[in-house]
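Taking it in order: structure first as structure tokens, then the write-up.
Going in written order, the chains are labelled A, B, C and D, and every chain counts its residues from 1.
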Amino acid sequence: MNVRVKLFALTQDLAGTDEVSLALPEDATVADVRSGLAKLVPALEAVLVGCAFAVNNEFATNDAPVNASDEIACLPPVSGG
Amino acid sequence: MNVRVKLFALTQDLAGTDEVSLALPEDATVADVRSGLAKLVPALEAVLVGCAFAVNNEFATNDAPVNASDEIACLPPVSGG
Amino acid sequence: MVELTDHPINADQITATVTSPNCGAVVLFLGTTRQFTDSRETVTLSYTAYAPMAQSQMEKLEDQAKARWPVDRCVMIHRLGEVPIGEASVAVAVSTPHRRDAFEAASWLMDRLKELVPVWKKEHWATGGTDWVHPGLVQSSEENRLQ
Amino acid sequence: MVELTDHPINADQITATVTSPNCGAVVLFLGTTRQFTDSRETVTLSYTAYAPMAQSQMEKLEDQAKARWPVDRCVMIHRLGEVPIGEASVAVAVSTPHRRDAFEAASWLMDRLKELVPVWKKEHWATGGTDWVHPGLVQSSEENRLQ
């Protein structure tokens, strides 16, 4: 399946885009999104370990499953306020 | 000497005036102001134990001396805010 | 800056006054008039002060807060006279570099103001009477309802 | 009430929104843009958000604060886009019957907002460069200065 991953702030700048598409197996998890992103955009590799992920607007841990219809986001450390 | 004592809120209502004049000995203290006030205005007697006093805009304890030129105030428990 | 005023309190003006380019945090506290006190209905409140002492006590509190926390700017305003339900009777605002200090300093200033600043509140009850509010003062209820 | 906005934050409007006849206390926190960060001069800040998630995270925080403290009304606003020095980037305001709860709830909401709401700040330095602010993120300084 293909999943789309939104990028923000530094990760958006490093990738040069605000969204990437990844080809993942059907039973993929957030961990697969991480490794897929690092392979597709090597510039992100160094910072991904410090990023959180969200699935459908909720924080999601590495073992959370992802589906093609999910809205997935890579969230570098936040600095609002 | 004569000292004038400002009254506020309930003490003003009980005395029916915002200031009273007391005749006190030259070496009088705030304690003498208290007892003088209670004698002059019996309606204040029941509440004076709960009142603080100020001399020249500073809280003053019972042993603080008072002079004729001082601005003395009887302060029932405050409720600003 | 401390002030006693007969006019409504304007939050925007206060936060603009305390905001500083050296500070990342502003905390504003407003004390507002409640309609119900223990199920008794208030129609309005009025405040009176021993003005010169209230002013000097507030100035001292401002100095003490600035000595204790890195407060850059500080505003304390108490409104006097009638304060209709839902309006602010008191405002305390501070700016500090970081937010923890702003919360602590504003909270401390309000606690001290309520203890030390000679201002008195009178409740005007919906049932028609009035009561001076003198916390802890022992008195008969007739004495407290002279007007 | 939570909001993401491109417009300046108006303190008076916020305190009017949260003021309630059931409450005696309003606390407003404003996070304002500092000119200096560790002696580096900022000319302006800009903020970007993952808007739908930022909105839903703020709504959850409002619900949690209302469950934990007797908060009657709550406003959380984050400004996006450019925020000039000295203006507010974020506002949190609550009303409660008594002041201790208002200070605690507003302080808690700001702590959680800074941890959990996906908003990012970019410093625009007086020296010309920009930096995304990503606390704790390990990276080379070139990578953090792409634009």
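Just so it is clear, contacts are C-beta pairs under 8 Å (C-beta built on N, C-alpha and C of every residue); 3 or more make two chains touch, one makes a residue touch a chain.
Computed from a prediction, not measured in an experiment: that's the story for all the values here.
Engineer: Identify the chains in contact with chain B as well as chain D, in label order.
Structural biologist: C
Engineer: Measure off the straight-line distance from the CA centroid of chain A to the CA centroid of chain C, and report it in whole Å.
Structural biologist: Chain A and chain C have C-alpha centres separated by 50 Å.
Engineer: Centroid from C-alpha atoms only, then distance chain A to chain B, rounded to Å. What do you get?
Structural biologist: 73
Engineer: Measuring from the mean C-alpha position of chain C to the mean C-alpha position of chain D, what distance in angstrom results?
Structural biologist: One centre to the other, that is 26 Å.
Engineer: Going by the touch rule set out above, which residues of chain B reach two or more other chains?
Structural biologist: none
Engineer: Could you pull out the residues of chain D that touch at least 2 other chains?
Structural biologist: In chain D, 31, 110 touch at least two other chains.
Engineer: With touch defined as at the top, which chains are paired up in contact here?
Structural biologist: Per the contact definition above, the touching pairs are A-D, B-C, C-D.
Engineer: For chain D, which residues count as touching chain A in their complex?
Structural biologist: Spelled out, the residues of chain D in touch with chain A are 31, 47-50, 52-54, 56-57, 78, 89-90, 110, 113-122, 132-140, 143-144, 146-147.
Engineer: Touching chain D in the complex: which residues of chain A?
Structural biologist: Listed in rising order, the residues are 6, 8-10, 13-14, 43, 46-47, 49-51, 54, 57-59, 73, 75-81.
Engineer: Can you check the complex and tell me which residues of chain C touch chain D?
Structural biologist: Contact set of chain C toward chain D: 10-12, 14-16, 19-36, 85-86, 88, 95, 97, 99-100, 102-103, 106-107, 110.
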